[in-house]
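Shared between the two complexes below is subunit A, which pairs with subunit B and subunit C, respectively.
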Partner chain A sequence: MRSSPRAEPKGTREGKSRKGLPLLFWRLPRRGRREEWLAALGFLFLGLVLIRFFVIWPSIRTLWFSLFDAKGFAGPSNFVALFRDREILDFSRFLRREPPWGALFHNLVWIFVHLPFTVGLGLILAVVFSKIKSWWVGIARGAIYLGIVTPLIVGGVIIRFLFDKHAGMVPQILGALGAPIPWSAGWVAYPETALLALVIGSIWLWTGFSMVLHSAGLSTIDRELYEAAQIDGASELAQFRYITLPLLRPVTLVVAAMTFLWELKIFDIVYVATMGGPGGASNVLALEMYFAAFRELDPYRASAIATLITLFSLPVGYWFARRRLRR
Partner chain B sequence: MRSWWRVLGILLGVSVLFVGAWAEKLVVIGPWSGAEADPFIAVLDAFKAKTGIDYEYRTMRAEDLSKVLPAQFGAGMAPGDVIFMWGWWIAKFADHMADLTDVIADVPFAYVSPLVVNGRTVGVPYVVFVKPGFWYRKSFFAEYNLKPPTSWPDFISLLKRIKAIPGVEDAAASGDGVGWPLSDTTEHFILAYGGVNTFLGLIDGTVKWESPEVRAVFEDYLVPYLDYASEPIEWTSALDLWWEGKYGIYFMGNWITGMVDDPSDLGVFALPGAKAVTGGPDIFFVPKYSKRLEDAKKLAAFLMSKEGQELRAAGGGKLVVRADVSPTAYPPAERALMKALEGFSLVPDMDDTIGGEWQAAFWDQLKLLWVKPGALDDVLRVLDEKFPKG
Partner chain C sequence: MRKRNILAKSIALSIAVIWALPFIGIVMTALRPSREVLYGWWYPPFHFSIKNFVNAWTHPTAALGMGLRNSLQVAIGATLLPTFVASLMAYGLGRLRFPGRGPLLMLIGLLLALPQQMIAWPLFRQMHALRLLNSLTGLVLAHSAWGLPWMVFFLRGYIETLPVELEEAARIDGAGRLKTFLYVIFPLMLPALASVMVLQFTWVWNDFFLALILIFDPNRMVLTQRIPLLRGQYHVDWGLLSAGALITMLVPLLVFIFLQRYFVRGLIGGAVK
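Then we have the complex of A and B:
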């Protein structure tokens, strides 16, 4: 939508009216702008209706359900029960013994391992590919990007076979190098390796996303900055450190935020490859929510887990939304 | 402009034809795929040839259906017209099933009875499976001069001898679906060394998993066996590997006879001391939301007719439930199995009977036990914790 040539009232850009009220409650715009608003609302109407029924209403109901149990209003007891549940948090085992450590800890492992790898690898690959002019760069880019267009269900199957004792490349190679069991066996069958197999496998599935966004970010950096740095005798590493990295920071933050959200709601890969096993060793919050809803037929516990996932996502989502609004 | 109308007309026509063709098919959902499904497909083809009613067969595991159906039922819908599902689950959702009392009024059931809830027949047992024990290739045993065991030490000795054969990875293959073939093996051990009463006590909750008698079965028999068993392998892949000779024995249900290249090369033995084996029916229901309820009932009637049952018996892999089907209707492998099972009593499959969250926990915990026998304490504790309350 083209912006009006008229000057905007003070405070509008900050999302506030002149009296300090939020933008939504601000008085109706004048005629010219009102037409634009009406046109915008016309375009948005269907989307808003769909969001109302398929996002907002289910979210409110989920929150509502999370405060109940089969007997009636339960307050926060569902959440208290979750934090005491060994399937969610098992402090007695976490980092002391092999998994299971609880679904929430498994999500955290996912975030601490998967996030830096995918963001960092995507950045490095984007920079390397932008420097190399060769016929194989396109193929390599395509192969990496393939992960992001592969349905996660298929990704889960691929991971299962990649780490299978008989069909899998990883255990076969490690076995040939003399690695002991479980490294040379089926990774998804052993509690020590199941979660790791999923995390490693999913790095390929998500690195393409990071690489593409960083590549797009790179293309927006003014080439003259590099030319000036070269004239000043800056090394490749210095150029990366003082030009590429700072200027790509907004992109990197977005990639990290999106990756964080992806990791919190990870489900498909785990469901297909391990079903959260063995013995819950690769279970994650979203899968636990699914089991509660459709296996235990307990909508209250499932809603509490869903609310928990939302609460963890909220700060990042809020930051992301604010960032976009500010723009 | 006219050409646009023409294109639109053609597209509409094709869509109507496509939708019409799609809508006409009766949707049958069962758990079998590949070679295991072939004998059932043959029965469906015979039904189509006889009635002209076209069908579409879709493979869906019961554990997947259990997550899809409640939401569909809630919306007054069903993904199929004839659906195979666990008995406990059908009973739980009986209100959503059509009454099939009239359809099976004249069927003389053997082994099992139809599932009746509040006077309505909501589930019909179609075939029966048994899990008789460990399967072996007669040619493999003959080549290495091996014999089915007659005692527990004999069994361990057999496992040692198989494991020592060059090219063999492990003595026993461990199939894994979502954990269920491991549960079948475990149930067989409990039946053989804990006894039928302990087994039935575990089903009704009067015997605890952490009780000394159950722990003894695990510690003295199952855990030592795991030294010779492979890690869990996807069960159809395990079947191929076992058939190729990577493993010597394979615990599986009798449907295996319909899945191997040469059923006459199959031999089977129960664990020494076993007096009972597990088994159970594959049960189907017709959802009351079926858009083609009458056709679905026609198919149900055909499946349970003598003609339909004899046709299924001839396909092998399962025992049919009509008492008036002659043993001669079966292929030789099934006849040999029926002979081998003489003297054994049949008890219900444990995890299928208990069902629910516990069933999934049982599968998952056994996957852990198979690779971490040292986790036995945790496994037994979780199985007691997850057991349905009340």
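Then we have the complex of A and C:
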């Protein structure tokens, strides 16, 4: 982004004129550096004020608060306390017994199950739908895509509805197949199944995102590559493996990054479907933070949890910003 | 070859059906009398009833009619304000050179990944101090500031693809920077602005967390906040809840049907290029 003083239209043919243009532009209307600085300040002022007051300052306050407790400066002790907190990390139960495993472990489960599933399924669906030419493809894509525009609070209601004891489809179908009790009863009411129900439901909601971005990526791939591969006798699987997959890699990475961020801050679905229950079995970090701040009125612990979520998010954000600023 | 094709087709079709079923389920539940759907929406007999919608619309503790009005106000305000502010910022960052521009862009980029939890508690305190708790204005301001970073990022990327010749011409004709922006850049940005507005509108409409912490007066609550209130403590009236869900989804659904192109373009943003 520093290499050229102006952003130019892309393309190789205009190489020469591109070089000349900024110089011309800089010489003609230039009225001194200070003037440009002031102009920039004018354009940025309103936005910077808004961001400064409602985003940056609160974030700094949260970071600051996370280092204090009711008595005064506490250093990292809030974070140490989080790692010893069974509500956050329960090592004695994790993978050995049924949930609750602690909010952070639940987020991790979300990441390990939901991320590969949505990214992979979205990719496959995008490829498959691009090959099928039938009248129903548009409707089918629409149905999968609908999850992105669904308010997450409504998504949570629908998930609860799907896994409800009486009105829900999933337990009813499993019950008819002869499944035992948590699986054929209301999933959200049992600690063994509550988290799983939410994760499955969120796969249903989020696959559309992955599909849409992968579809857009597919449309940028040159058709001739496939034609050439066909002439060379490559099977469809080989074409997918050696053309589609590598060329879609940047898109897949972005989808994975955004999905990761989405999983870290998951809140609405859990709030409306289970409230973190039963007995904390589907609790997540964002919900725990909300409880700490607005129910237990413990801003120090809440700030530490919020900072923890941010610490996980920022590396991804940094990678993402670097990538988009490079151009 | 042909066999595999049919297999792929049927798998894709069944996935699509599975994906559509939950939506079909709530539509059916909302449109039928409550007593018919107690043990599943798929059982006959089928009768049509609009009562669930009426009940949800005029619910005694969580009237969705009022929520819809509040949501509309917030979403429109929190779309128009930041769109204008962000386009100014995007021009400043995309076309002007000044010291600190690189770090500022990086900072804004990092803010894209910030979770809302990071600002929640101090924002609550601050809004309290500003007497903006329980006010739709406060919520609009919070949403505007929150949406700005990605809008700026998106619009800046777009501005940098516009040719500079037009601006040059305007400036040679004696237009100042603001005039150049308003009469040359702004009109050229309209397609990008449409995407930004559609996406921001949907996000603000769908948001729950910021509304939850900033608004608790029952008259001022937005639509998404009222959905959890529709659910009874012990008894869940699925007809009522489904109707509420559909009312809340209505606006995003319209956006999805009529403005899909802009929505998708906004989502794709910098991701694919």
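The working rule: the second predicted complex is superposed on the first by the 282 of 327 C-alpha atoms of A that agree within 3 Å, B and C clash if a C-alpha of one lies under 4 Å from a C-alpha of the other, contacts with A are read in each partner's own complex, and residues count from 1 in each chain.
One rule holds for everything that comes next: contacts are C-beta pairs under 8 Å (C-beta built on N, C-alpha and C of every residue); 3 or more make two chains touch, one makes a residue touch a chain.
Because the structure is a prediction, the values reported are computed rather than measured.
Chemist: Taking subunit A as the common reference, can subunit B and subunit C both be placed on it without clashing, or not? Answer clash or fit.
Modeler: Aligned through their shared chain, the two binders clash on subunit A.
Chemist: May I ask you to decide whether A:Ala185 touches subunit B, subunit C, both, or neither, giving the answer as first, second, both or neither?
Modeler: A:Ala185 sits against subunit B, while subunit C stays out of touch.
Chemist: So in the superposed three-chain picture, is A:Lys71 touching just subunit B, just subunit C, both, or none of them (first/second/both/neither)?
Modeler: Touch status of A:Lys71: no partner.
Chemist: In the overlay, work out which of subunit B or subunit C sits against more residues of subunit A.
Modeler: C
Chemist: Considering only the touch criterion stated at the top, classify A:Arg223 as touching first (subunit B), second (subunit C), both, or neither.
Modeler: Touch status of A:Arg223: no partner.
Chemist: Return first, second, both or neither, reflecting whether A:Arg84 touches subunit B, subunit C, both chains, or no partner chain.
Modeler: After superposing on A, A:Arg84 lies clear of both subunit B and subunit C.
Chemist: Let me test your reading of the model: by the given contact rule, A:Leu46 touches which partner, first (subunit B), second (subunit C), both or neither?
Modeler: After superposition on chain A, A:Leu46 lies in contact with subunit C alone.
Chemist: Of the two partner chains, subunit B (first) and subunit C (second), which one does A:Tyr271 touch, if any: first, second, both, or neither?
Modeler: The answer is second: A:Tyr271 touches subunit C but not subunit B.
Chemist: Considering only touches as defined above, state whether A:Gly279 meets subunit B (first), subunit C (second), both or neither.
Modeler: first
Chemist: Examine A:His166 and indicate which partner it touches, taking first as subunit B and second as subunit C; both and neither are also allowed.
Modeler: Both partners, subunit B and subunit C.
Chemist: If we overlay the two complexes on their shared chain A, which of subunit B and subunit C does A:Lys133 touch? Say first, second, both or neither.
Modeler: neither
Chemist: Taking the contacts subunit A makes with subunit B in one complex and with subunit C in the other, which residues are shared?
Modeler: In subunit A, positions 164, 166-167, 290, 294 sit in both the subunit B and subunit C interfaces.
Chemist: Looking at the complex, which residues from subunit A come into contact with subunit B?
Modeler: 164-167, 182, 185-186, 189-191, 275-281, 290-291, 294-297
Chemist: Name, in rising order, each residue of subunit B that touches subunit A in their complex.
Modeler: Touching subunit A from subunit B are residues 66-67, 70, 176, 178-179, 231-234, 237, 241, 356-357, 360, 363-365, 367-372, 375, 378-379, 382.
Chemist: So in the complex, the part of subunit A that touches subunit C is made up of which residues?
Modeler: By the definition above, subunit A touches subunit C via 1-2, 5-10, 21, 24-25, 28-29, 36-37, 39-44, 46-48, 50-51, 53-59, 61-62, 65, 125, 128-129, 131-132, 134, 136, 139-141, 143-154, 157-158, 160-162, 164, 166-167, 169, 172, 204, 207, 209, 212-213, 216-217, 220, 250-251, 254-255, 258, 261, 264-265, 267-268, 271-272, 285-286, 289-290, 293-294, 299, 302-303, 305-307, 309-310, 313-314, 316-318, 320-322, 324-325, 327.
Chemist: Mind listing the subunit C positions that touch subunit A in their complex?
Modeler: The touching residues are 8-9, 11-13, 15-16, 19-23, 25-26, 29, 37-42, 82, 85-86, 88-89, 91-94, 96-99, 101-102, 104-106, 108-124, 126, 141-142, 144-146, 148-149, 152-153, 157, 159-161, 163-165, 168, 171-172, 177-178, 181, 202, 205-206, 208-209, 212-213, 224, 227-228, 231, 236, 238, 241-242, 244-245, 248-249, 252-253, 255-256, 263-264, 267-268, 270-272.
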